[in-house]
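One structure is given below, encoded as structure tokens.
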Amino acid sequence: MRRVGFLTSGGDCQALNAAMRGVVKCLANSGEEFEFYGFLNGYMGLIAGNFRILAAKEFSGILTRGGTILGSSRMPFKQIREPDEEGRDKVESMKQTYHKLQLDCLVVLGGNGSQKTANLLRKEGLNIVSLPKTIDNDLWGTEMTFGFQSAVDIATNVIDCIHTTADSHGRVFIIEIMGHKAGWLALNAGMAGGADIILLPEIPYDIKKVVAKIEERAKKGSRFTIIAVAEGALSKEEADMKKKDLEAKRKKEGYTSASYEVAQEIEKKTGMEVRVTVPGHMQRGGAPDAYDRVFASRLGAEAGQLILKEKYGYMVAYQNREIVKMPLDEIAGKLKTIPKDASIIKEAKMLGVSFGD
Amino acid sequence: MRRVGFLTSGGDCQALNAAMRGVVKCLANSGEEFEFYGFLNGYMGLIAGNFRILAAKEFSGILTRGGTILGSSRMPFKQIREPDEEGRDKVESMKQTYHKLQLDCLVVLGGNGSQKTANLLRKEGLNIVSLPKTIDNDLWGTEMTFGFQSAVDIATNVIDCIHTTADSHGRVFIIEIMGHKAGWLALNAGMAGGADIILLPEIPYDIKKVVAKIEERAKKGSRFTIIAVAEGALSKEEADMKKKDLEAKRKKEGYTSASYEVAQEIEKKTGMEVRVTVPGHMQRGGAPDAYDRVFASRLGAEAGQLILKEKYGYMVAYQNREIVKMPLDEIAGKLKTIPKDASIIKEAKMLGVSFGD
Amino acid sequence: MRRVGFLTSGGDCQALNAAMRGVVKCLANSGEEFEFYGFLNGYMGLIAGNFRILAAKEFSGILTRGGTILGSSRMPFKQIREPDEEGRDKVESMKQTYHKLQLDCLVVLGGNGSQKTANLLRKEGLNIVSLPKTIDNDLWGTEMTFGFQSAVDIATNVIDCIHTTADSHGRVFIIEIMGHKAGWLALNAGMAGGADIILLPEIPYDIKKVVAKIEERAKKGSRFTIIAVAEGALSKEEADMKKKDLEAKRKKEGYTSASYEVAQEIEKKTGMEVRVTVPGHMQRGGAPDAYDRVFASRLGAEAGQLILKEKYGYMVAYQNREIVKMPLDEIAGKLKTIPKDASIIKEAKMLGVSFGD
Amino acid sequence: MRRVGFLTSGGDCQALNAAMRGVVKCLANSGEEFEFYGFLNGYMGLIAGNFRILAAKEFSGILTRGGTILGSSRMPFKQIREPDEEGRDKVESMKQTYHKLQLDCLVVLGGNGSQKTANLLRKEGLNIVSLPKTIDNDLWGTEMTFGFQSAVDIATNVIDCIHTTADSHGRVFIIEIMGHKAGWLALNAGMAGGADIILLPEIPYDIKKVVAKIEERAKKGSRFTIIAVAEGALSKEEADMKKKDLEAKRKKEGYTSASYEVAQEIEKKTGMEVRVTVPGHMQRGGAPDAYDRVFASRLGAEAGQLILKEKYGYMVAYQNREIVKMPLDEIAGKLKTIPKDASIIKEAKMLGVSFGD
């Protein structure tokens, strides 16, 4: 009998349960015998030896359920990866838990930070298979992550709802969409929601161009303008600043993100009323959509195959329409942002979308 | 041929178009001849004589469309109802537009302020039929307003999305739900979303009781607590303040609503992480749900009947499962808040919901 | 400690779990001690003594879950209520199970047939509290049943989807909507979906009038017509037949419902292409909507109150905006159909809807 | 000024309007001048010279609207492509309309048949740009078609709704999903909905294996089985028949598709109750989802680019994450079915899905 541990790490997202169900179904259908250990609240559970044994049937019926049946947590990534003494202790605790339970491997579902920690554990000799989880779609080595398309649906629905009000009242509406370093979510939801302006971390904006677009629309008779702003959007000036200076500037001005800054600038320069909507955490919540259910199930099944074949040290990934395996060491810690010359950016511009650049 | 004017006033909401379609279909099917005038952007259009003639066929296919095809605006209610000289001028402008176009009546779709203005115009001799529009469900004289149930759906969906994250991460989540003076929306969405605590304008809260509920849940093993907070919720101390003093206090503390205040108090007193989500304007946006489409259509049809019978000075309303007519003079300016002894409050308490009282 | 049994009977619907959660939360919060017995698959479980003891925490998180955690079944109502010897044995088995488990009362969630059986058990001396479950909204003594509004949402969505195709292709589309004896669901979904013609069990149709309406629309330039047909709709001729003769006629013609009959007649008489869509069981599936969650929770809480006060022999019901208790003996076996002079019918006609009468 | 014609052909689907909006926005933003001609009801409008001139602003706000603002029709493909004399006349009529209006090019949005006709017109000297429209995703030369993902969402939702009833009542449920020749839709919706058995045109089934799977599930304690059946699914015996013989066999047995045949066989062999749900046309209706809106917009923009560059005779297509152009002559008339060794089939099997093979 082989023992497989599971943990879900970082901000939760849609289809975490679907992905785990995929792994377990694949293993349970293989004819071999397995025992499943679920660590509670991410790496915290692995550190503290906090787990429960999971029956295969617990994975029935969770294909459609949002969140994670294991709980998640964000800590203590950084400490572990750039370890001080306490961090080093934590790594040792994780290894101890793993070995004490005589695990054959550990399945990690996580985003960027979690993949880095997974790779660190791999270097420490643990057998790791990981899955690409994040609504940001910013993981290197995979064209797609699960959670992303479901989050696009939700953010798009927010823009749809705002659209009717914007149209009725003739205002400028800013919707702040998740994504600190990568703008995939804001870009796709913005295009799906018919946003007129989309501001992304990858394309620093010039507020004058943003205002010009609004005024151009007003001149053509449009009563309203919809702006999708990624959390991590920043102006050209801000893009040239050091991180520390940017934080200091924003703190001084009382903004935590570009949305309110842009709002105030537009009000100042156009006299138009501007409203900001921040859907926030709801973007990572709720049931996975059909796309993510299929996608996460497929990833889970292929992760199960890796375990059956004892091929460890990989993240399952999506490339050129196939599920492939990517060495953790190659992909961990790398970010996939929107290339400035991406076709989708050009196409959005053909459609009349302004990126403020 | 009779001439009927239409205007939609105040914050937009779902089913405004469905309601207008109802009126127009009823009149167009009556055999009599009508001409329809749509004033743009609420009373502003009536003041400025800004209108367009609407063909009956423009109302086809708008049953499901959110927002309002006429546009809306919030101004200038107060000035009109407590008129200074400029306000008086505006009333005269409205009367002039009405008479110049030789309207037989004016159909007003609006909330509290709009109904007051409608009643003022009635006193000035205009023939008025009004419809109860608001997501707040706070209009006196009607058990239900259109927009309300659709807004409940949206706010409930927000709580549903937050639920999975709350469960996965084990935090306290506050969702701020629209409703300044009446808590119907927060109450219903809170109950539908399974909120553990609901804070309403009608029931001032004691922060100690809110904290006690969270701690009681933690003691019983619950990882998370969901709190639905109406925009107009306030603490017992705040409830005793004069409006001016409350505003001053909040301004000083940097809060515009109770949500962030409650969040900070909970963090201080429990050490738990608290997150606030503010869905904001999306609650009044998007397509009307099935309930609102039927309800608004029925109200519209009965408003059409009043016009056919030349019975003016009424708001169509819902009482005891029938659409009835309520004299504008009786209902305008009165607010329908949740009675403290309402059955639904008692039932919510039976279900374990805390109102912090 | 008191022992409370639960069973869900008849076709499943949305909010069954929400309603049971309401009862259990109310009792669990009362301070008294309770033990909960769940009979599996409706009355079948009571007959066979097939149950499991339910922990209060099993009811957490099921507010939003469709179906029933207890399972349901349709049999063997008739046999029990008009008992032959075998039926008599089943009643005795139910009584034995009840007494053997020393139940204080039995909570029945069911529609018309189930309420009749509940009343029969009441006459046999069992303590019964029942809740009005059905997507048909046809239970006497209550203005509303849970499941109804969620089913309206689904059926309306089906019509919405068909609308775009109808509009694009210019055809007649028939959507067959659940409801054998009462047309509430078809009426409300039809109005919400903007159906042009609605055929109901309560209003026998004249196919010539149906065809006339389609032709009138075509003459006015409409490319398409949408017809909502209740399962139990019938023509004027069929309405005059004895049940046996109607069944024989339909069998001979190869129709199980009016939808295909109407379709064929229209094709014959107008030459237009007609398509029939039968959403079927999906109307009773999926998660309850916000309305049903609140409504079923309230009903559940008040059912809990009856149990706390040991007031048995009632169905909790909705009347004039309050949850009330109705003696089972008064309501069991009576059907609530749409009165021919119902306001909503008149209003639908004002909106231009044809009922084919 | 250049003149561009548009037509939407074949069964309608989601995102047709979004795709046309994409083309028009791209051209309108190019700085050049264009005039847009919309042919009504597909090729029928081109044959009859039935069109209207479309203002660019008519394309505003249609990103989210289902169906097609131009109307569609299925005829008269076959006659045109394998022309008898009447067919030849129709081709001439189309050419005449095109030349008479002095069109620079014709944009065709359509599925397989429509692409063939488009290619025929290309051979006749017309300038054609086409877009891949179909919920079946069966067009050769493109990895994806618009409409597909939205249809997956709808079909998945149907399965979700059925799931709760299946679970509550313990039955076998068959959901018939669109797709005559290709099973992409049934496969993806089946996997997203957690179907236990999926029957596809590409993988003829053995009814004994289908029954075995159901019995295996029952043995393991599952109350229910969900089967997704593509319209074009067939048994191994049927797969060996000539088309004519298959049609004769089915006609004789009274089945138009495999669903009812499979249902009857299962009932006969297992004694379990089987229910069939046929969502039908609703799968191609309603608003496009976020994925399709982005995808169709991108395709539209790139089609616009082809027109700007006067590159004609292509279908825009999706390959390896980029929008590319495929020569109509290479792709027209070829079908993209699911390869038997497709990874997704293997993965579905790892997850325990049976294809009855």
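Going by the order they are written in, the chains are A, B, C and D; count residues from 1 in each one.
Everything below uses one rule, namely that a contact is a pair of C-beta atoms (placed from the backbone, for glycine too) under 8 Å apart; a residue touches a chain by one contact, two chains touch by 3 or more.
What you see is a predicted model, and the numbers here were worked out from it, not measured in a lab.
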| item | value |
| --- | --- |
| Subunit C and subunit B - chains in contact with each | none |
| Subunit B and subunit D: spacing of chain centres that average the CA atoms, whole Å | 42 |
| Geometric centre distance via CA averages, subunit B-subunit A, whole Å | 35 |
| CA centroid of subunit A to CA centroid of subunit D, Å | 31 |
| Touching two or more other chains - residue numbers and ranges from subunit C | 160 |
| Category of the chain touch graph - line, ring, star, complete, other | ring |
| Pairwise chain contacts, counting only pairs that touch as defined | A-B, A-D, B-C, C-D |
| Sites on subunit D touched by subunit A in the complex | 22, 25-26, 28-29, 63-64, 143, 149, 152-153, 156, 160, 188-189, 191-194, 289-291, 293-294, 297-298, 300-302, 304-305, 320-323, 343-344, 347-348, 350-352 |
| Residue ranges of subunit B touching subunit A (in the complex, touch as defined) | 8, 11-12, 14, 16, 41, 65-68, 71-73, 154, 157-158, 160-165, 167-170, 173, 223, 275, 277-286 |
